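Common to both upcoming complexes is subunit A, partnered first by subunit B, then by subunit C.
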Partner chain A sequence: MRETKYWTWFMAAGLLILALLGLHMVVMHLGSLTHLFAAHPDQPSVAQANSQARDASLFFTLSYVVLLGAGLFHGLYGLRVVVFELSLKPAAEKALSALLLVVGLGLFGLGTYAAFAAHGRAAGASPAVASVAGASLAGRS
Partner chain B sequence: MPELKRHDNRLGIWGWLGGGRWGMERYAYILHRVTGLGILAYFLMHICVTSLRAWGIYLWTGEGAFLDAPVFKVGEFLVFSAFAFHAFNGVRLILVELGFAVGKPIEPVYPYKSSLHVQRPLFLAMMVLAAVFFAAGSYEFWHGLAR
Partner chain C sequence: MWENVAEVREVAFHVTRFTPERDVKPRVQTFQVPVRAGMTVLEGLHYIKENLDSSLVWRYSCRMGVCGSCGMLLNGRPGLACNTQIFDIAGTDLTVGPLPNFDVVRDLIPDLVPMFSKHAGLRPHVVREDAADQDDPAGEYFQTPAQLEEFLQFTYCIKCACCMAACPTLATDAGYLGPMPLAQVQRYNVDTRDGGRGERLAAAGAAHGVFRCHYAGECSRVCPKGVDPAKAIQHLKRQLVLDYLHLARRQKPCAKQHGPGKGTRDPQIPASPPRTIGA
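The block that comes next holds the complex of A and B.
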């Protein structure tokens, strides 16, 4: 029953990732075609100015944290399912589950801290960046 | 909690990779696993690298940026391609898991008709969507290299 619950979460996380990572991919890898959320359209999507503009937006900060959590659960649970198919001993399965849980929580903590710290730096250090990002999100630039 | 009934996976990793004479869905299954593991490996590194921006370090941009080297650009393109396949094939798997596009149960009358025949149009439609997404990303990738 517990595994069924995890599997349902795994599928739900996949759909969440499809939406958020799809948006991330469109912004980062189709930027020259779409210019979506580009505060500085003259620069590549990955340029520091555009990165900081996205970091200044609360929408992007929260979407990064949700994507991070969903991605880590989907990826690490998927890895667990794949490895468990190799017929491990129960003790090895428990150890692997514990290791993946520690890795997942550790990376989630690091990524969440970084997202909010970068948001604070970008929004606080340069109000101009925040206003450009806000204008871009509202579709005015 | 009752113990799960287990069966030995005597083929091991070869059990995943040995497509044999199975249909194209079997090869999609293998590719789904390979791309999933590849994306996970990239994702774990991506979290560490992008987290450095909290301390003002942007390894992926700027003059002579560490991650601007061609090998990383090619790797990034591979991850994008893997995402295009994994995402659209994943949508197909979820739809099939939830019972969509598998057809209604029928009497097993010879010549037997497999459910895979009913599922195949969905598979082909998803692969077309993945190819369109891949083509758009390829244009962006080459456009970026030419800049």
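The block that comes next holds the complex of A and C.
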């Protein structure tokens, strides 16, 4: 049952990555065409002002945290499967699973902290940017 | 294609030899075999044994692709020696070796015990919850042609181990259940007469079960009977995931309709002719 659980979450994470990474790619690379989530449409998507506006948006912060979690789980599970192919002993398999869990949680914690720190800084340091970003998001949704 | 049926051409058989009592590692011995159109690899091996080296050993029985005994590695591809014509796969050279992913008993004979142990551990038979029904399964069970079609192709498996030899996962993970046993799990799990689904799925979803499969698909490509074990494994993954998400449709095994000889015949089916023996 444990392997089934991992596999199910692996597939779900893949679907999440498809959706959220797709959104990321559209926002970043098709920004000049779509102006999607662009607080400053006159500037490129990767410009400092637009980037800061996205950081100030709670939707983007949460979506990146979810994307980070999905990416970490998907990637580390894939790594586990590949390494398990080396016919490890059960104790080594257990140790590797534990190590990957610790690494995954550590990286997720660090990434989440960084995302919320950036969100707090962008929203707090520049309320104007936040309000512009919020208005832009509201306007487009 | 070989046009002239009467013509005979020499083909070099590069045969892997291994005698555990004598050899440290397998060696290759070459034999020149006169081959005519339509001749199978099995016939070529018989020619070697009768005329060139009587010590060569391999396993075979039916000579017509039914028993699954003569699985070998033919020019790098697992197949049955009895239903592989030499000119279909070779010009002047043919390599013949034992099936990979198994220990070798001698020469071309793989040790299939691990495969059959895995197979037996998955309860590859119809399981009935009722012990009396299990012990006396001679009655009739209602099953539609569509329900039969769900598992029919997997019943064609002859346990020749070609799929196991072609599996890249099994090559690195000897504990992996492998395509043949897993295909048989699917065969019985979708059989409407069966009640052993949960037990088999638990085994199939364990650490060395279906989720180790990479879907390389080689098992299905090499199967001499046209069975699709890769498809069976994907179906098993689907069943396991749906069970985990509580989305699987539960179906009770169909009941025995009646004991042998106690049924009533469909009036549209004509009566059988009178017995000629034991009347």
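Basically, the second predicted complex is superposed on the first by the 139 of 141 C-alpha atoms of A that agree within 3 Å, B and C clash if a C-alpha of one lies under 4 Å from a C-alpha of the other, contacts with A are read in each partner's own complex, and residues count from 1 in each chain.
Following the convention adopted for this analysis, a contact is a pair of C-beta atoms (placed from the backbone, for glycine too) under 8 Å apart; a residue touches a chain by one contact, two chains touch by 3 or more.
The structure presented is a predicted model; accordingly, all values stated were derived computationally and were not measured.
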Partner chain(s) touched by A:30 [first = subunit B, second = subunit C, both, neither]: first
Touching partner for A:4 - first (subunit B), second (subunit C), both, neither: second
Touching partner for A:59 - first (subunit B), second (subunit C), both, neither: neither
First, second, both or neither for A:44, with subunit B first and subunit C second: first
Which of subunit B and subunit C A:15 touches, first, second, both or neither: first
Comparing the two partners subunit B and subunit C, which touches a greater set of residues in subunit A: B
Set of subunit A residues, in rising order, touched by both subunit B and subunit C: 3, 11, 85-87
In the complex, subunit B residues that touch subunit A: 1, 4, 6-9, 12-13, 15-16, 33, 36-37, 39-40, 43-44, 47-48, 50-56, 58, 60-62, 80, 83, 87, 90-91, 94, 97, 136-137, 139-141, 143-144, 147
Contact set on subunit C toward subunit A in their complex: 169, 172-175, 202, 205-207, 209, 211-212, 237, 240-241, 243-245
Residues of subunit A that touch subunit C when the two form their complex: 1, 3-8, 11, 81, 84-87, 93
Touching residues on subunit A, where the partner in the complex is subunit B: 2-3, 11, 14-15, 17-18, 21-22, 25, 29-33, 44, 46-48, 51, 55, 68, 71-72, 75-76, 78-79, 82, 85-87, 103, 107, 110-111, 113-115, 117-118, 121
